[in-house]
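One chain, subunit A, links the two complexes that follow: it is found with subunit B in the first and with subunit C in the second.
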Partner chain A sequence: MDRELEIRLSGSGGQGLILAAGILAEALTTEGRNVAQSQSYEPTSRGGLSRSDLVVSDGEADYPLVSEIDCLVILDQVAVAASRDMIRPEAIVVTDAKTVTEPPAGSFRLAELPLSETAITLGNRRIANIVALSALTAMGGLCDRDVLKQTVLRRSPKTYVDLNMDALHAGWELAERCV
Partner chain B sequence: MSQVQRQNIQGNQACALGAIAAGCRFYAGYPITPSSEVAEVMARELPKVDGMFIQMEDEIASMGAVIGASFGGAKAMTATSGPGFSLKQENLGYAAMTETPCVVINVMRGGPSTGMPTRPGQGDVMQARWGTHGDHPIIVLAPASVSEVYSETIRAFNLSERFRVPVIVLFDETIGHLLETVELLAPAPESLDERKWANGDDNAYLPYGETEDLVPAMARPGDGFRAHTTGLTHDERGFPTQDPAIASRAVARLLEKIELHSDQIASYQTLHCDDADIVIVAFGIVARAAQRAVKTLRAEGIRAGLFRPRTLWPFPEQALLEAANGAKSLLVVEMNAGQLALEIERLCAGRGAVHRLNRIDGEVIAPAEIADAVRQAAP
Partner chain C sequence: MDRELEIRLSGSGGQGLILAAGILAEALTTEGRNVAQSQSYEPTSRGGLSRSDLVVSDGEADYPLVSEIDCLVILDQVAVAASRDMIRPEAIVVTDAKTVTEPPAGSFRLAELPLSETAITLGNRRIANIVALSALTAMGGLCDRDVLKQTVLRRSPKTYVDLNMDALHAGWELAERCV
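Take a look at the complex of A and B:
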C-alpha cells in the first residue's frame, strides 16, 4: 500500500462514534491490518463535536493522525466544518440525510443516506452509529462483512445484539442501493 | 523469557503495562485528565501481581507515598498531568536529594494552569527539568508512540533504579489517548536493572558515600544498616551539614552521576540527517508529524532530516551536533511557545540559523504545517 488509509467517524457527543470506530479498528486488526485510533470530544457527555479517526497501515503509521480523509461519516451538522478542508478528492463521504442539512461539497463521492431515520425505524435511534459504520464499510470496501459482523457481536451488550445486527444489515443495504 | 501479544491499546494503558513489566509494584496517585487511564489500569492490574494501588488525597501526598514506598524497597510510580505535576515538584526535589528511585508519568495537556484538560500540549519541557528548586539531577524521557510508551516506561524504571534518580516520562494527551496496534515484548528478567543494595560490613557503610560510579548503595529497611535520610544537605553518613566543602561535593556528585552516564541515558533517533540541508528537531507526537513531513519534502527534492530526542534531559547533545553537522539550518517544532528551542539554540550557537514552529492552541502541529515551515526556512 502506497499510503495509509484515513477514516473519520464524526458527529456530536453521545452518538457512539468513538465506539463505532473502535469496532472498525478491531475488525481491521483481525484482518491483519495495523490501526491507529485517535479521538476528540468536548468535556460534555452529550452534544458538541465528537470524532474518532483511524489511520490504517501495514506497519506502524509514521503519522497516526488524520490529515487527508479517504472515508468519512458525518452524523451531525456540527461536525461538517472540522473535516471540510481535509477530504481527498476521491474520498467517500456518508452523511445523515436528515441532520446534515449542508453537507460538504466537492468532487468526492457523497452519499446522503437516511442513517438516523433507519435507526429509528428499527426501533432505537442510538444504533445510527452501527448503521453508519456498516454503510461506510460497505461503500469503502473497508473489511469483510462477516468479520465486521463478528466484531460487532463481540462488542455488543446483550440488549443490543439484535438491534445492532439489524443495523448492520440495514446499513449494508443502504450502501448497496446507492452503488 | 519473552512473549509477544498483538493488541490494540492506548498509550496510557501501555504505560501502566510497561511499569508492571518493569517490576513496579506500588502506585499512588490522584486522577487527572488526560492521565487517568494509567491509574485505572494500575488499580486493576497491580493487585494481580501482589502490588499495591492507593488513591491519595492529592498529588502532593501521592508523590510522598511513592517516595515512602521506594524507601521501603518497592519500584514505585505515579502519573499525572500539568497541574498535578506542579504539585509534585517539592517532593520530587526531595527524591532527587535523597536519591530515591521513582518514576513520574506526566501526560501533558494544554496549559498554563488547568488550561485545556482534553487537548494535547508540550509545555512542560522546562518544568520537567527545572520544576523543583535547586541544582538537582533528573532524567526526562519522551516517547512518540504507544509501543515506545511501553518500552520507555520500562527504561524509566531501569534508569531510576540504577542511578537512584527520579525519572519523568513525558508524553502528550494525543499519545496518551492514541490507540495503536502493538506487539509488546515482555522484558527478559535479566534486562531489568535492580537497585544496588548495601551489603557487607555495617561499620563501613556510608549511605551517601563516594563510589566509582557515583551511585551509593541503598540500605534496605530491615537489613540492619545504619542510615539517615534528609532533604537537608548531608554528608556521606546522611547527616545535615553546612560545611562548604562537603556541601559542594554532595550537590556536585548528584549532578555528576548523571553527567558521567549521560551516554547510557541519552537516546535519540535520526532520519535522513546525513545529507540534510535542514534538520527538524521534534519529540513526541510532533516528531511523528515531522517524520511524514520529511518524506513529503524528500519527494520534492528538499533535503530535510529529522532529529528526534527520546531523552530530553540530559539532552543528547553530541548526537544532535553530529546530526546537524552538514546542515545549514535547524527547525525546532514543538507544541509550546518555544522551550526545547532554547536548548537547541544554546547547543547550535554559531552553527547556523535555528528556526521555530510552535502552536499553543491545543492542536497537534500537522505534517503540512511543518513542510511549509521547512520550505520557508530552506536557504
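Take a look at the complex of A and C:
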C-alpha cells in the first residue's frame, strides 16, 4: 500500500455501520495493517446521519480523520451530503439502490446495489450492514475473504451467525456481478 | 457543560475498552450530549496498547481527538505512557491497583481500585471493563446510573447480562468508597 487508505461506512443511525466498521478494522489488523477508526454519535442518532471512518496504513495509524475517501458505503440518502465532496476520483462507492435515491455523481466507480432488499430477502433487514461490508471489501480487494469471514463469525451473536454468513456470501455475489 | 469533556479508556488489547467506550458514548447521547469517539487497532493489539477516546460536547462533536484528558481509565501498565502528559490537573484517573504498578503522578485525583480483582471475584476477568466504566462514571458524575444500566443491558450478550449488572454495582461501590 503506497498511501493511507480511507474508508467510510455511512447511513442512518441503527443500521449497524459502526459495528461493521469495527469488524473491518479487526480483519485488516489480522492481515497486519494498522487501523484508526472514528465515529460520532448524536442524540438523534436513530434516523440521523451515522458514519464510521477507518484510516488504514502500514505504518502508524493514530489519526482517524478521513479527508479523501477511497472506499465508501452509503446506506441512506441522509448520508450522501456529508461525503459528496470528499470522494477521490478513483474511489469505489457502494450505495443502497432503494434508499439512496440521489447517489453522489463523479468519475468514481459507483455501484448501486440492492443491499437492504437482499438483507430483507435473507430474513432480516438488520444484516444490510454485512451485505454492504462484504460487497465493498470484495470490490475493493480490501482483505482476504476468509479473514473477513472469521472476524464476522467472532463478532456475531449466536442468533446472527447464520444470517451474517448468508449476508457475507450475498455481498460477494453482488460484487461479482459488478465486475 | 462549559467546555468539551475528554474521556479516555485505556489498557491492553482484549480488555473490552472499545466496547466500554461505545457503551458510554451511547449512554451520553441518550442524555442529549454529542459524542465523537476514536480508537486505533494494531496487528499486535492483544497485549499491546488499546485505547478509545471520547470527546463529549453539547454542540457539534465531530472531532474525536483528545488532547487534555478529564477522565481516564488505565487497566494496564502498558497504557500509562501514552496518557501521562495529557492529563488535566483536575482530572479523575482510575487505575487498576494490581496491573498498574506505576500509575501517573500529578495533582489530579487518582483512584487505584481493585478493578480486575473485583471482576475475578465476580466470576469473569473480562468484566473488568464494566467495573472500570461504572467506577469512572460514578466518580465523575458523567451520566445517570439508570441510563448507564439500560445501555449496558442493551449491549450485553445474554450470557453477560448478570455478570455485567454485578460489575456495574461493584463499580459504583468502589467509587463510593473513594468519596
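The definition used in the following text is that the second predicted complex is superposed on the first by the 174 of 179 C-alpha atoms of A that agree within 3 Å, B and C clash if a C-alpha of one lies under 4 Å from a C-alpha of the other, contacts with A are read in each partner's own complex, and residues count from 1 in each chain.
Just so we're on the same page, a residue touches a chain if its C-beta (ideal position, glycine included) is under 8 Å from a C-beta of that chain, and two chains touch if they have at least 3 such contacts.
Values in this document were obtained by computation on a predicted structure and should not be read as measured data.
Chemist: Could you tell me whether subunit B and subunit C fit or clash when both sit on subunit A in the superposition?
Modeler: clash
Chemist: According to the stated criteria, A:Gln37 is in contact with first (subunit B), second (subunit C), both, or neither; which is it?
Modeler: A:Gln37: touches subunit B and subunit C.
Chemist: Counting only touches as set out at the top, which of subunit B and subunit C does A:Gly16 meet: first, second, both, neither?
Modeler: It touches nothing on subunit B or subunit C.
Chemist: Give one of first, second, both or neither to describe whether A:Pro157 is in contact with subunit B, with subunit C, with both, or with none.
Modeler: So A:Pro157 only meets subunit C here.
Chemist: Using the touch definition from the top, say if A:Asp62 reaches subunit B (first), subunit C (second), both or neither.
Modeler: A:Asp62 contacts both subunit B and subunit C.
Chemist: Classify the contacts of A:Thr29 with the two partner chains as first (subunit B alone), second (subunit C alone), both, or neither.
Modeler: Touch status of A:Thr29: both partners.
Chemist: Intersection of subunit A residues contacting subunit B with those contacting subunit C?
Modeler: On subunit A, the residues that contact subunit B in one structure and subunit C in the other are 22, 25-26, 29, 33-43, 61-65.
Chemist: For the complex, which residues does subunit C have touching subunit A?
Modeler: 18, 22, 25-26, 28-30, 32-43, 45, 61-65, 157
Chemist: Please give the residue numbers of subunit A that touch subunit B in the complex, ascending.
Modeler: 22, 25-26, 29, 33-43, 60-65, 67
Chemist: In their shared complex, at which residues does subunit B touch subunit A?
Modeler: 6, 8, 117-118, 145, 147, 174, 177-181, 285, 288-289, 291-292, 295, 364, 366-368
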